[in-house]
Amino acid sequence: MNTIKSPEESRKVLDTIFSDLTRSITHKDELTRFWFFILIMFAGVGLWGWIIQIDQGLGVTGMRDYVSWGMYIANFVFFVAISLIGFLISSALHLLKISWSKPISRVAEQIAIAGVALAGIIIVMDMGRPDRFLNVFLHGRFASPIIWDVTVVTTYLTISALLFYLPLIPDLALLRDRMTGKVPAWKLKIYTILALGWKGNPEQYKTVYHAMRILMILIIPVGLSIHTVTSWLFAATLRSGWDTTIMGPYFVAGAFVAGAAAVVILMYIYRLRYGLKNYFEDFHFDYMGKLLVFVSLVYLYFNINEFLVPGYKMKTAEGVHLQNLFTGAFASMFWLVQVAGLIIPILLMLIKFFRKPLPLTIISVVVLIAAWFKRYLIVIPTMEHPFLPVQNVPDYFKSYAPTSIEIMITLFSVFAALLIITILAKLFPVITIWEYAEEKGVDKKYFSEQPKN
Amino acid sequence: MERNTRRNFIRKLGATVGAAGVVGGTSILSSCNSVETSSGDKIKLLTSSGELVEVDKSQLTPAEMPNLSENQKRGREGLPGRSWVMVIDLSKCRNARECMKACQNHHQLRPEQHHINVLQMQDAEHTAPYYMPKPCQHCDNPPCTKVCPVNATFKRNDGIVLIDNERCIGCRFCIAACPYSARVFNWFEPRDAEKYKGVTYNIEANVPQKKGTISKCLFSADRLRDGKLPSCVSACPNGVYWFGDRNEDAVTNGTTKETVSFSKLIKDNAAYTLMEELGTKPRVYYLPPKDRAFPFEGDLIEHHS
Amino acid sequence: MKTKVNRLMIGILMFLALPGMGQDWQVPADQLNIENPSSYNLENVKKGKDLYLQNCKSCHGDPGKNNHLPLVPPPPDITSEQMQANTDGGLFYKITKGRGGMPQFETTISADDRWRLINFIRNYNSEKEQLLIDAPPVNAKILASVNEAEKKVEILAEYEDKSGSYQQLENAPVFISAKKAFGNLLLGQALTDKNGRSVFSVPETVIGDEEGNVTIVVTLDENYKAEQVVLEEAKVGKPKEVPQLIRKEVLWSTNENVQIWLLLSYLGAAGAAWIAIGYVIFQLIKIKRFSKQ
């Protein structure tokens, strides 16, 4: 924390921070409108694809009786994965009193909310009978990992939303007090309602800190559960490639890699687009790069375990699966993901230059795309190789290729996630203003002051 | 010996229908109450052989066939005191596929959907290839019902693993969990969906099939209730299948109708179950393909993986 | 998809071609004229009959009754001209090698027994003396009762003589079966004494229903036309054990049978999380209340 500043200086610092961090809200140009147009259009096209799928049946996808889980499930796992970063950055690092990550926590929470919300929607889109979704609550079997998954997804979504909202309350009060005339009336109304009449008295701050501490502790088991339970959807079966005990930590480690990469990309976009060079500073990227290297190394360690141990033994069915990955139909995808998506990024990010904002962002994009294909490699090859031979069915039952409708619906999820993030960024500051100002030495009492003009 | 109460009841629009000795359309009419007047309203009836016939509504009398919820309840309880098992004699199979045809007829399946599938197997590189009919194994430790989120697939006390397609949400977790690839999904509208529209769902035959839900072999639970052998067992021309109640230690051959002691049959022939190392405890026993009655003429050899 | 259709078409064509192929089933010339090494006598014909009933009857049907299975090509009745036109060597070759729906008996029936089977087929050859005569079945009737205390079935068999009155059936085999779900399981057979009586002790291993009741069916062999006697629910068997398959504390059970540890862990974990969430929401209300101070 910086030294205590004089009242004038404090007010000036606060004003600067406020105007910088609300630029994302006030900023309006053609690009914004175009971006919204693109997002809504593609999301709409995806929804249209879903309507076709409901009408004609899941047969419009490339899935069939043997590969009965395809791109949707891979995509679901991907979205659950990136959402886990919210837990790591806004809770784990906070509780460890690592303060550099504070400005990043809201970015992480944005990703967490968008990721887990879309994960929930994707799983409904993958259902053969989405009209019977309520059966999950009416007839839910406590012993089914899907019920556990539904439980943790809803719990994690709620906690993430609350963890996004709680530190936002003082900011909302600031916005309510200072944005009159600068934003449309409906936005102001939202701020007013959501600010809960915030006055900034010590009891209120105390309550916010108290509630946040509870959430930060609560999100640790829930966050670990969400991805562990997702891994159990696979590990609870007898299928080769899934029937492994390290599935839980393997998924959690992989999730941190994907999520950290997503945070870096979003940070870079905000920094560039909203002129936040002084907020998402170079050292933030450096630290995020180091974090990414660390989690990637952990993930690499799990990958070695996951492939070397069964590869050493080559049990019958497991051997077929591994051969398919190492040298078979999935070999090029597999090695690209492992080498270009994991090993090379690790080696590069060990060098300081590659932890600078732009290089790190480029690496993160590669890592994130590889992370998506990694989920594809977890789901599909196993399904293509059941224990018994696949016979007496048409050839297209034997191997899987996504159809255009499937790609449309998958793109929907990507654009819908971006839409959620964009809306959050357009409504609320991307960095917590009051926390940041306090960090810069501005006392809390200045927050509730009305600006002079 | 055949019970003369081969009945199949279908309910529609509140009128329950009883038809004895269902073979064709005429026999249905003759066995119903002979009311001469015709109301002109036709009702679709499903015979136990899977045929759809149309009958005049006025010629039907209410019978004790339960409505949908009764049917579901009855279907979950199973047949008291029974423990159904199947024995498949691999030395007798010649890939005639009559079982597959009868099954697809009975359960209204598309040509690519198999409740029972005759596979061409070869266990290791130099071992003899053979044909292996593969129905659902009706495991006593079923991995599929374990994972079902809504209790749509379940184990009955008579050993059958059944599906309730009025409840299935189509998540396909059970397909992923089944190591025997025994389950199929209705990716599109099922075969003859138009034809069977409005026919009440029969949980024990899983017909009419429903789009977006799971299907699989059910040991023809509806036929068992009528005292008949499963469709595939009855259809086999080569005496491959034995079926019966393990509790009373007797199985009957579907072709020769011979009844033998189940325990003696599996002991004398060194029967085994499929992938017993997985701990699923199947209810389908295989007699090894030793001294085969027919030479193997397959072309699609894939190594057992 | 197209290759699948093609394969299907080839399959159909082959299927259609089979009947034609069946009619001229070529036997290699060197096999055709091998002579039957087993002599044509009553003993061999009788053995051949047993083998026939065991291995062939299910498809070829009863001799002379043309009740073979409706297969394509049809398995001919053994009394038919088509069957008898074969040479001994030809029949031996066909039984040994099989073709299409006809199994190969090379590994399951010994060569000697295959020759005996041919002797049985020749029993119906017009050029040979018929050693085993299928007389028209004699009308008969069975009376039977169960002695539940001693677990015995007491049988009295009578046949109709030429004058139409019933006489005791002497020295005839009686078959005792137990009715099972889909057929009768043979328990054993007994010979009638000179009074037409016999007593059959039900083996201790016989399994009945839950109370041990067995429905016993008594029949004569095919030489007699007698109505079978069905003794409903005689208490002579072991009660059948009905294991409870739907066990508690297995992961696949329904919610009614869910394991306590699972239920408690699930409800405990989810409940604790949602109580904490509820508490946080209560904090939000508190924040709002503090605003009014």
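For clarity, chains are labelled A, B and C in written order, and residue numbers in each chain start from 1.
Convention: contacts are C-beta pairs under 8 Å (C-beta built on N, C-alpha and C of every residue); 3 or more make two chains touch, one makes a residue touch a chain.
In this text, all values refer to a predicted model and were calculated from it rather than measured experimentally.
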Return the chain whose centre of C-alpha atoms lies at maximal distance from the corresponding centre of chain C.
A
Which chain would you call central, comparing Cα centres to the global Cα centre?
B
Chain B to chain C: how many Å between their CA centres?
19
Could you work out how far the Cα centre of chain A sits from that of chain B, in whole Å?
46
Could you please state the distance in Å, as a whole number, between where the Cα atoms of chain A are centred and where those of chain C are centred?
62
Can you list the chain C residues in contact with two or more other chains?
251-255
Which chain A residues reach two or more other chains?
140-141, 143, 147, 394
Touching at least two other chains at once: which residues of chain B meet that condition?
143, 146, 151
Residues of chain C touching chain B in their complex?
58-59, 69, 71, 98, 101, 103-105, 107-108, 177-178, 180-186, 207-210, 240-246, 250-255
Touching residues on chain B, where the partner in the complex is chain C:
1, 80-83, 92, 94, 96, 140-143, 145-146, 151, 154-159, 227-229, 237-239, 243-245, 247-250, 252, 255-261, 291-295
Interface residues, chain A side, partner chain C - complex
140-143, 147-148, 151, 155, 158-159, 162, 166, 169, 196-199, 201, 203-204, 207-208, 210-211, 214-215, 218, 221-222, 225, 394-396
Going by the contact rule set out above, which residues of chain A touch chain B in the complex?
56-59, 61, 63-66, 68-69, 126-129, 132-133, 135-136, 138-141, 143-147, 150, 233-234, 236-239, 316-317, 320, 383, 385-394, 397
For chain C, which residues count as touching chain A in their complex?
1, 3-4, 251-255, 258-259, 262-263, 266-267, 269-270, 273-274, 276-277, 279-281, 283-284, 286-288, 290-293
